[in-house]
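I've put the structures underneath this note.
What follows is a pair of complexes built around subunit A, which joins subunit B in one and subunit C in the other.
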Partner chain A sequence: MTFFNSFLGTAAATALCAGAAMADPALIFDLGGKFDKSFNEAAHKGAERWAEDTGNSYNEIELQSEAQREQALRRFAKAGNNPIVMTGFAFGSVLEEVAPDYPDTKFAIIDMVVDAPNVRSVVFNEHQGSYLVGILAAMASETGTVGFIGGMDIPLIRKFACGYVQGVKAADPDAEVIQNMTGSTPAAWNDPVKGGELAKAQISQGADVIYAAAGGTGVGVLQAAADENILSIGVDSNQNYMHPGEVLTSMVKRVDNAVYEAFDQGADLETGIKVMGLANDGVGYAVDRFNADLITEEMKTAVEKAKESIVSGEVIVHDYMSDGTCPVE
Partner chain B sequence: MDLATLLQVLDSTVRLATPLLLACLAGLFSERSGIFDIGLEGKMLAAAFFSGAIAAVTGSVWLGLLAGIAASMVLSGIHGLASITFRGNQLISGVAINFLAAGLTVVIAQAWFQQGGRTPSLIGGARFAPITQPFAETLKNVPVLGPVYYQLFSGHSILVYLAFLMVPATWWVLLRSRFGLRLRAVGEAPEAVDTAGVSVIGTRYAAVAICGVLCGVAGSYLATGLQAGFVKDMSAGRGYIALAALIFSKWRPWHALGATMLFGFLQALALRPDIIETALRVPIPVQLLDALPYILTVVILAGFVGRATPPRAGGSPYVKER
Partner chain C sequence: MPRLPNWADVVLIPALSLLIAFVLSGLVILAIGENPIAALNMMVKGAMGSTYGWGYTLYYATNFMFTGLAFAVAFHARMFNIGAEGQAMMGGLGVALVCLAVDWPHWALALPVAVAGGVAFGALWALIPAWLQARRGSHIVITTIMFNFIAASILNYVLVNLMRPEGSMDPATARFPPGTGLPTLHDILAVAGIPFSQETPANISFLLAVIACVLVWLLIWRTRLGYGIRAYGHSEAAAVYAGISPVRIVVIAMLISGGLAGMMAINNVMGEAERLVLNAVEGAGFIGIAVALMGRNHPFGIFLASLLFGFLYQGGAELALWMSIPRELIVVIQALVILFTGALDNMVRMPLEKLFAVLQKERA
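Our next item is the complex of A and B:
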């Protein structure tokens, strides 16, 4: 009898454990790794914050190769993890195949839209965040000329550029914006040397604040700007720390908030397209101890006012991707 | 276009052309000895990573430069082993080196620094600082020559001056020294050199080693001179442009200087679409400027502007016994 009792006890304990595992959410980091100082690290922070706040645990994996994408997704789904969050548009095609096989599991993909009934697609209003840093750039500029350096010439980056120009013109209608794209192939994301040269070329044309939305190329832009003692603006995660006192601000995408929210809703994750904009703090500008001295009271008031009017719908920032054109140059 | 703008573009040209020039001279040594080298790109990338990593860890840019040269020479050694000793296909070996460098640098960087395949940013003595030439500040206000001296000649890192000095040095070594004569002979008629009692294998290894050193300097310049650290794939095709420049210059040192300066100028011009538009009054797509080095090379290869004849024994391993 005692044997039977302990057997039952063990079985019950196993069942409980299994139940706990069922509820655990999972997070898959893309190839950059969870300490990439950017996108994936933001996701990691969001997950950690959730674990701390709720006392629950979550599973995670850092992908080491392209072939692991589908494997990791299926492994987590089979193990009963719910929801499963993945960072990066590269999961798009894989998720399209995997999601229908596990109809009871909820998935969340960031930066990509996957049309399936059990998938939440999180997209960001980068143009709104870029608008705000555009206002800051125009107000911080002494020459009246600011720059934009994009990575690969794709609609998403034009969306950043278009929002930025609108912000600059809103703060200073006479300001000039010099725009450059690094290239038209994926190599444009990882050419810091060309990024640095583009920054120097823009500086010689009078630009004294340069916004880089260019991945690894942006590292070169920020470096060249710091070397030449002008201001730069970082992107995606908070890059203010990279050159303290010389990075005006960063246009942050709150990937951490997106992950936190998905984890928080658990198995009842709302599916469909979730837009992260200014209204729900999905995008914004970063202020911390590294750039606090660069942002004056006047700038702060102006940018907060702009933020309010965008949230209330008073000001509508044109989204380049909606029609492929930009109303301002 | 006023003088200041012109100087800015030329200044940019010098910076962008320097890695091309070093890689082009590297390829020149290798190919003149009969060893084709597609792997310039990979060697530059490996050098960029190791120079950035060691400079970041030790804080000394000179140790970084040495590490970059060492990494590039290891890859050169592999290329030599495969194509000289084991008589493998030189093109395949070169391509393999490019893949090896592209993959390994990111993997090692990720395992070492956990920053998404990057090295930490270099600060202070871990970078090559620009050198202000003597009297540059005082001569700055002299009309025309002052700004030229101040902006164009002064204010580059030491590797830039080294690269330019390498041109006459290469010319002298290749065309005036005994070693150079043998090296060129090995690339044209190795059996003749062998008959004269000179080691073909040894000469080719020496050429490939020099190629490794120069590629190492080129890669180190990218990571520690132009930039402050390594970013994955940061060589961004410069090794291939250097190869194109090598063909464009028809395997000659002074022409290599001209070719790389021209390609560097095209790259610098591509950064300033506004200048081209005001000069030509029609917008030119930036992509066209990026493609021009390759287009020019094809034109040269097609024989429109003289003939580009590669070294006669290029690409074929030397077999002593018949």
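Our next item is the complex of A and C:
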């Protein structure tokens, strides 16, 4: 009987392993949910594109509680899902604990660096992309005053702001930048009403181009800007379509590419820190049919020239997170 | 109308309510094109089919036991303490302060002090509404619900500005020192040679919660204070006539209630996360109300109802992981159970009472 039991156990284990060998990748969305029109949605799009291109399937979960972070990671790892991709810095401390327990599973974390041999940390050069949209903002502005509205006040968002201000000043040294953060908690990522109020306050101070780096809050900023007939700049996903002709451009952060690439490499995922910048199209500014009329030839030349000089290293955009300070206000 | 027999009140009504909730949930699942039988099967297997599932179920149940007991103690004095959420948040702050204060050499030293910290902060947070109710007649429902918001704002301020480690983006405290790591059920059962999944957060707090259940039972039905609480709850005028001070009862019952809610932090903050995060409580304070109502405010009932809600939470997580059921729908299932067992009690009770009345008449 014992023999039979252990035989059954082995058979079950073999079956599980066989399943694991061809197991699907998995994607874990942060508490914001996968349809936030911004960061998580970009990840979702990347995964969908991969599924469509390859005909394979993947597992996913939208978290409901803090305790599920570790649970989801462990469950997917145990079930043999490989690689496991997660969106957002909030997974950092949990992944540090979990990753060593599953040395044969590859993990990819976006927007955070976790130092473990089986983890790929994907970070974006948001300051470079923000620099480019800063140039466009300064050139499109007629009042010489532009705005920035951040989501939660964290170093990552200050990095966006700092790159943006540098770009604005590069195009117009006399330009003024009004900066606001929506809040200091994760709720600030999803507060479109407050985003709209902040945008209106900035408009009353003379801002006529406003850049929103605020997740779901940005929806309110873009709406308020369109209502007041001024220009806005979207973030993460291409948000030009939301108010055609009234969104100057979007600072796209190709989270979708990061997810696609991780899924594509599968179990052989290259680990270590992966920087997505201007050079490898990890960040950039979006031009499509919705904003083509807003970007003049002159602006295009200027922004392309800046892009080239950043890629070649001629111009270095200061990264706020490297030392926690910004050289310009 | 004759009273329902005890067994019908305690067993039949919750069971029928649950059944209705599950049937409705099944219809909803069917409506989105998934198989309800498979879903139920997955929930049961995922939550109770392995020691792994049990580990998570018991972890969630521990939270609900503390907040359920907290609600019940106040309710025996006929006070509706909606503030367990905020009290548990403040309890978390107390536990975090204790855990981070010293480099604890061993959990056995850290645990009693952390319990004291959690209880003290939770109880103090309940003290102000209690005093306002007892001395100024401010309604406890209004004050405790407002204190939830104040607690959230305080926690917010403390985590963002004071306790967040340098350079960290997460509004959370630093990780607690390793000496505060509580033994998990895996560690405890391993002593007895019973295998239990290593990967679950269920920890020694579960035993604390069971002890708390017993102590609350002793308090309410076997002590003078408990008698006072119940007497005050049934009739304030009679209690005053019997020489029971309403102010004393209100304040003490709320202190115990807040302390129990604060103790929840031992489980979720010290036992699971090992650091204090912003939304550590995650609505467990409100679930506690449903748990206590379903458990008829009796510790044993609360114990069972907590297990049920732990099952719903863990089973729901499994559904989210392995089936294409969106997380909003899992909230719907949980909400249906709360609705029928907590809020719509009379919907089942009234027809049942009529039915029993008819049956009794026929017998007579």
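Operating definition for what follows: the second predicted complex is superposed on the first by the 292 of 329 C-alpha atoms of A that agree within 3 Å, B and C clash if a C-alpha of one lies under 4 Å from a C-alpha of the other, contacts with A are read in each partner's own complex, and residues count from 1 in each chain.
Heads up, the rule we're going with is that contacts are C-beta pairs under 8 Å (C-beta built on N, C-alpha and C of every residue); 3 or more make two chains touch, one makes a residue touch a chain.
Source: prediction; values computed, not measured.
J.: Applying the document's definition of touch, where does A:155 land relative to subunit B and subunit C: first, second, both, or neither?
T.: In the superposition, A:155 touches subunit C alone.
J.: Should A:201 be classified as contacting the first partner (subunit B), the second (subunit C), both, or neither?
T.: Only subunit B is touched by A:201; subunit C is not.
J.: Have a look at where A:184 lands relative to subunit B and subunit C in the superposition and call it first, second, both or neither.
T.: both
J.: Does subunit B (first) or subunit C (second) touch A:193, or do both, or does neither?
T.: first
J.: In the superposed arrangement, does A:90 touch subunit B (first), subunit C (second), both or neither?
T.: A:90: touches subunit C, not subunit B.
J.: Identify the overlap between the subunit B-contacting and the subunit C-contacting residues of subunit A.
T.: Common to the two interfaces on subunit A: residues 33, 184.
J.: Could you please specify the touching residues of subunit A with respect to subunit C in the complex?
T.: Subunit A reaches subunit C through residues 33, 59, 61-62, 64-68, 70-72, 74-76, 78, 89-90, 92-93, 154-156, 184-186, 324.
J.: Touching residues of subunit B toward subunit A in the complex: what are they?
T.: Listed in rising order, the residues are 4-5, 8, 12, 15-16, 19, 110, 114-118, 121, 222, 226-229, 231-234, 236-237, 267-268, 271-274, 286-287, 290.
J.: Could you list, by residue number, the parts of subunit A that touch subunit B in their complex?
T.: Result: residues 32-33, 35-38, 40, 178, 180-181, 183-184, 187, 190-194, 196-198, 200-201, 204-205, 216-217, 219-220, 223, 242 of subunit A touch subunit B.
J.: Once bound in the complex, which stretches of subunit C touch subunit A?
T.: The touching residues are 56, 59-60, 156, 160-161, 167, 169-172, 175, 199, 201, 268, 272-273, 275, 277-280, 282, 313, 316-317, 320-322, 326-327, 330-331.
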